Amino acid sequence: MSRVVVIGESILSPLGATPAENFAAVCRSESALRRYEGMFGVREPFVASLMDRSRWTVPGRTFFDSIVIEAARRAVEAAGIDPASPRTAFVLSTIKGNIEHIDTQDVTLAASARRLSDAFGNPNPAVVVSNACISGLAALVQGRRMLLSGLYDHIVVVGAEVQSRFIVTGFQSLKALSEAPCKPFDAARDGLNLGEAAAAVVLGFGDAGWELVDGAIRNDANHISGPSRTGEGSYKALRYVLKHIASEELAFVNVHGTSTLYNDEMESIAIDRAGLVDVPVNALKGYFGHTMGAAGILESILSMRAVDEGIVLPTRGFTTLGVSRPVRVSAEAGKTDKRAFVKLLSGFGGVNGALLFRKGGAGC
Amino acid sequence: MEQLINEIKLKLIDALNLDGMTPADIDDNAPLFGDEGLGLDSIDVLELIVLLERNYGIRLASPQEGKKVFQSVAVMADYVAANRTK
Amino acid sequence: MLTIKQFASIPAGTDLTALYRARVGDYPKFFKMDTACKLGFLLAEQLADEPRFTPREDRAVLMFSTSGSLCNDRHYEETVREFPSPSLFVYTLPNIITGEIAIRNKYEGETSAYVLERFNPETVVALVEQAFQDTVTASALCGWVDARADDDFTAFAFLVERDGNGKEFNVENLYGTVNQ
């Protein structure tokens, strides 16, 4: 019983309120990306994937805290664990949390984490992992480590992001947003779209199911906002997790694929350097946009489900390869009989992460 | 033009936090980016785009366009003189 | 066994520019940083060991705080209505401090930023120990850098090593080191 496995999960997004609904929507090639004008008081129009706030906001709570707690509640329920147990702990992944309320409230991420653990009567201090765009992946790595430390039986890892004028204007000022739905790895890609979602997994020990085999976080040590030209950190993170598996055993690499010029190019270099050019590659930003603190968890859940169904999900928005390395980007849905995949993310601060998932069976 | 060049240098020093520099330290024709000259980077380009809009009402569509305008302070001053709306 | 090797701190109210000029002086990117990053950068300068500026994957950078990037978030928010500042926005991420330290020192190992309700040695020791589950990580530059405002901060850092020759890295010794 030394394997860290996923025992419960949830997704709240504009495409659905359960992992099954979200997966079905992706299989139908749906996307919630649409153009907003005047939203959040932002002058320039932008394309984003936004949730219905009136549906999810609980009285007395912010929209952000509401979806964090609701995503956690659903994952806890699916796992059937006791969230108030001292042997359970919560890890929250987000970048900006309640930032839209900066003028009126305590918007520290620590306060949101406290409200999360309090909502379940959990006695342990909730840890926030805020590692820019790899936060979700880093939080899963953190959850795995907390279990292996022997201090806990269950870790609830929740990732969420809500959009706001603060974030949208910031990405606009960086000229990072596309005015159209994003096109990951495509020759015509010209930026990312932002998205809102909350996703959660409960990790525990088990012999069967989806195992978090190992994860790594590495820094480019190059630039705070520009991806490495050599894919340094991403390559090193991949190299660390690939010691556990042969590339032939991978169903796919689910990349970050933000659809910015430099991110996707950097990932192609890292994948090539890691010897994975023959492994299918896919990105899910065309369905959900870049959901920031939720991305690592949301995209991991959908990738697990895809492997369960024997599918390599298509990369919505991709038609023509537009990176320098011959990576196998999945434009159409493919079939797979493999039982493992790698989740890859990169973010500001030069940080990169890779996490290896493998589906085991009893006696496997 | 001399006056505009000096004004741009002062705004540049302020916007990019070029500590301890004075307009006299910046050569009118030295490249702003790359290893020579001021050695500015990609975020500095974006901040210069804001500088143009805020002070001169000039809106650049992309950082790529910026690279042409931000070759040197002299080139910037020519561009501002020709395109300013305020 | 993990050990604590060194400790550095910057008292609240310290003139960071003066400290930079006295200790470093040749890294103009310092002036672009927000207060949290300046603190992290200066602490890392005090803890940096030889040989410097050599790429190394075995050194992690683990930063903890309550405020995250909130101090700079307020500065960015002030620009949002008129001309949102890209150079302020890039510092609105709590982990940029780890990136600045990694860039300066060529630390290519793990970098992580954690936000906690308060400085709690039990939690910090546990999280640092857990980070050493990464088998490449041989040492970690760890810090508590909480910038509540530009002139109101708590900032200290320490180096933790796998099998080093310092004191054992545990709650008691971390308490002792911090309170010295």
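Chains: A, B and C, in written order; residue numbering restarts at 1 for each.
Keep in mind that, in the parts below, contacts are C-beta pairs under 8 Å (C-beta built on N, C-alpha and C of every residue); 3 or more make two chains touch, one makes a residue touch a chain.
Note that this is a predicted model, so its numbers are computed, not measured.
When you average the Cα atoms of each chain and compare centres, the chain farthest from subunit A turns out to be B.
Of all chain pairs, the one joined by the greatest number of contacting C-beta pairs is A-C. Chain centres here are Cα means. That of subunit B falls 33 Å from that of subunit C. The distance from the centre of subunit A to the centre of subunit B, each centre being the mean of the chain's C-alpha atoms, comes to 38 Å.
The geometric centre of subunit A is 25 Å away from that of subunit C, both derived from CA atoms. Across the assembly, subunit A contributes residues 173-174, 223-225 that each touch 2 or more other chains.
Subunit B has residues 43, 46, 50 in contact with two or more other chains. Each of the following residues of subunit C touches two or more other chains: 84-86, 90. If you check the complex, the residues on subunit B that touch subunit A are 41-43, 46, 49-50, 62-63.
Contact residues on subunit A toward subunit B in their complex (touch as defined above): 173-175, 223-226.
Across the complex, subunit C is touched by residues 16-19, 43-44, 46-47, 50, 53-54 of subunit B.
Residues 55, 57, 61, 66-68, 70, 73-74, 76-77, 80, 84-86, 89-90, 92-96, 98-100, 102-103, 105-117, 120, 123, 126-127, 129-131, 133-134, 136 of subunit C are the ones touching subunit A in the complex. Residues 95-96, 99, 102-103, 107-111, 113-114, 125, 127-132, 138, 142, 145-146, 148-149, 151, 165-166, 169-174, 216-225, 232-233, 236, 240, 347-351 of subunit A are the ones that touch subunit C when the two sit in their complex.
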